[in-house]
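Both complexes below contain chain A, partnered by chain B and then by chain C.
And now, the complex of A and B:
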């Protein structure tokens, strides 16, 4: 995972499992600051179909903390410069 | 003439080898079945070996397993000792809390403060249910049996396949075709005959899950699909059982300890459930199985071993009320909530085998306020579960084989074999070269390298799928697809465009789904030259080729 430090005014996004397959990336840097509630829409613009096919069922974390986008408080979290965001799809096989 | 004798001898020997191999395989299967039956009958016949220190029924097995060269005392010696121990001395007068053999067997973990005598007695009194006897369930079961849990229940309706063996370590080559639960019990009995193994030889369903889970103290979710994961989680919440859930695919794994501490729905001090973390199931077409996506044995093994570890931590900490079904639990309101607070905060452990940072721990939230299973607003009850009004399969959606082409756009494997045959004949008979055809194999490169048909070219489906279709020609007022404004066209596309247009293009993949999508995409990209070139899908792909044309084509 290329989790190199994000450049100035950017944060890192890590893609796991199906999210990594969909974007063909393990990670990338996006422009900070960004509201948590706006992240999925921003990613959808970059990868059409991403939201429907992957993001809607994913867990989202910011700096290793679970973020619940159904809750008002969490939706208003601002992703800051240098933060590490992870997109975690449920893996169900075994 | 001289060599003819050799040919005959060779053929003769080959035939003999074949006959004996067939016979040998059949014998191995019979042996496995008898071993299993022996294990089963010893559960019923054998009196308790060790003084029972708890309510858990603890039954010993005879050492029947011929594979086990090291275990156990001579049978007559054991029987004598046991008679002296248990018949003449009532359990109350037992000198030591564990049997002699138990001190020896569990000695290496007994001397650890994390386990100790208390932890071992808790393990012995515990009943653990493992749902799924596959890549996760096998290593989890092995370590829990090894550690000496009292009762181990196994749920699975599948049979052992050859392609399971690289990761499902409690099965064996001789047990291919046997039920996974029976096969696992053969292996586990050899490992530790002192555990009571309970087979549940069918997949868990909404109708059966409450009855089965209620017989246990703790559950391990070792299944392989979203519907089972939601069902098991809901059942554990309803019955207040902690759940250790893990999964793995390709090089990645996930592990969570859920509903820990186990509390009834609406009690916000309980741990989150699977729905709290993943409220929406992934769309069915995006769900990849190990059969499709692949799995590395040690990756799923690591996850299963971690599940066993989490289970041992929970049990040996003494925080569980062991051997009580949920119904009894409700009468014991004295509880042990103080001890529950020792439960670690909920987390999701992610394992990425090929990452420079292979383990990451994510801190999870407590129960979700709107969770339909464990919150105060819960709508999932025992009644809804039993009535079948919760359709887990429907909730998670189902996929159907792709069927997007019409009959003219498809060809069977046998028909395609005839096309190849005919071209060879034509080439031999005339000087004029037939236009020939193109075979495009759209499997990913790694599969293509395993085996492919002669003359095929490989264009991985992932490349095709990620190629954008340019704006339609007529919208731009031109006959040919407009490529203005599109960055340089993908290399694979340029390559296909350069082929003679009188060649029919056939598209093949592993099973015949991706190839249909590829045919559609090729046409959208204008590779059919407005119908000049025929593009056809080979129905059911290499699966059909192997089945109907060339049985030697590798099955992987």
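And now, the complex of A and C:
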């Protein structure tokens, strides 16, 4: 993995496609723990305009599992130290 | 990068794709038909000339997704075997970006399964296409969902290396 393991008390967040272009990063480490429902707001503070331009059309995975932020259960998920979170823009394979 | 189980093979690669190799993967004495789909990179989008395409991916997630698509299509259409390979990195115009091969005892199942596998892949696999247009500074991340261009990419900020690979 190009993204080094997160240091203590941090998790990794991976950016792809439009998310990577907007942040000019492929990945970074953020402070854990963090509620999944608070991630997009935290990223918006760091990258003003990110939410409207990119995040609103993106999905979210935690440790390769999709998290549905419209679902009560998923909103309560807490991102833990060492987790791998990814921002998934609309896909375009083929 | 690949995942395999019995009669199922899914792969992401930076190498040239080989139609013969993927057909050989699904070839079987039990099959009376192999259907091969080859997606090639087109030189235009909405009549705008495309100079170059590149694909990036989240490999561990994309492989899981491809495997789950392959499993479900194989069982739904009673296929003998299925293989799906997507190319990453720069794919020159006119070359294959994706190959899907399915084999089955009879052709009807193979035709249907091939089409369905491709549509599922385009909808779900975590692979992204960046289009660079002739005579334009900015490139564009495409979205299959609505066919719309996403965020424009400034040339100097362009970096589509796999975050994980």
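The rule we apply is simple: the second predicted complex is superposed on the first by the 90 of 94 C-alpha atoms of A that agree within 3 Å, B and C clash if a C-alpha of one lies under 4 Å from a C-alpha of the other, contacts with A are read in each partner's own complex, and residues count from 1 in each chain.
The definition used in the following text is that contacts are C-beta pairs under 8 Å (C-beta built on N, C-alpha and C of every residue); 3 or more make two chains touch, one makes a residue touch a chain.
Note that the coordinates shown come from a computational prediction; the quantities given were computed from them, not determined experimentally.
A.B. asks: Once both complexes are superposed via chain A, do chain B and chain C end up clashing or fitting?
C.D. replies: clash
A.B. asks: If you stack the two complexes on chain A, which partner ends up touching A:89: first (chain B), second (chain C), both, or neither?
C.D. replies: Touch partners of A:89: chain B and chain C.
A.B. asks: Name the contact category of A:24: first (chain B only), second (chain C only), both, or neither.
C.D. replies: both
A.B. asks: In the superposed arrangement, which partner chain does A:56 touch: chain B (first), chain C (second), both, or neither?
C.D. replies: Touch status of A:56: first partner only.
A.B. asks: Return first, second, both or neither, reflecting whether A:15 touches chain B, chain C, both chains, or no partner chain.
C.D. replies: After superposing on A, A:15 lies in contact with chain C but is clear of chain B.
A.B. asks: Does chain B (first) or chain C (second) touch A:71, or do both, or does neither?
C.D. replies: In the superposition, A:71 contacts chain B only.
A.B. asks: Please state which segment of chain B collides with chain C in the superposed model; the candidates are 23-31, 59-67 or 131-139.
C.D. replies: 131-139
A.B. asks: Considering only the contact definition stated at the top, list the common interface residues of chain A for chain B and chain C.
C.D. replies: The answer is residues 1, 3, 16-18, 24, 26, 53-54, 57, 61, 64, 86, 88-94 of chain A.
A.B. asks: Of all residues in chain A, which touch chain B in the complex?
C.D. replies: Where chain A meets chain B, its residues are 1, 3, 16-18, 24, 26, 52-54, 56-57, 59, 61, 64-66, 68, 70-71, 86, 88-94.
A.B. asks: What residues on chain C touch chain A, complex-wise?
C.D. replies: Counting only chain C, the residues touching chain A are 39, 55-58, 60-62, 64, 86, 97-98, 118, 121-130, 141-146, 150-151, 153-154, 157-165.
A.B. asks: Please output the residues of chain B touching chain A within their complex, sorted ascending.
C.D. replies: Its residues touching chain A are 132, 134-136, 222-226, 229, 246-250, 252-254, 277-283, 285-290, 293, 295, 300, 303-304, 348, 350, 352, 355-357, 360-365, 368-370, 462, 466.
A.B. asks: If we count contacts the way the header does, which residues on chain A are in touch with chain C in the complex?
C.D. replies: For chain A paired with chain C, touching residues are 1-3, 14-18, 20-22, 24, 26-27, 53-54, 57, 61, 64, 86, 88-94.
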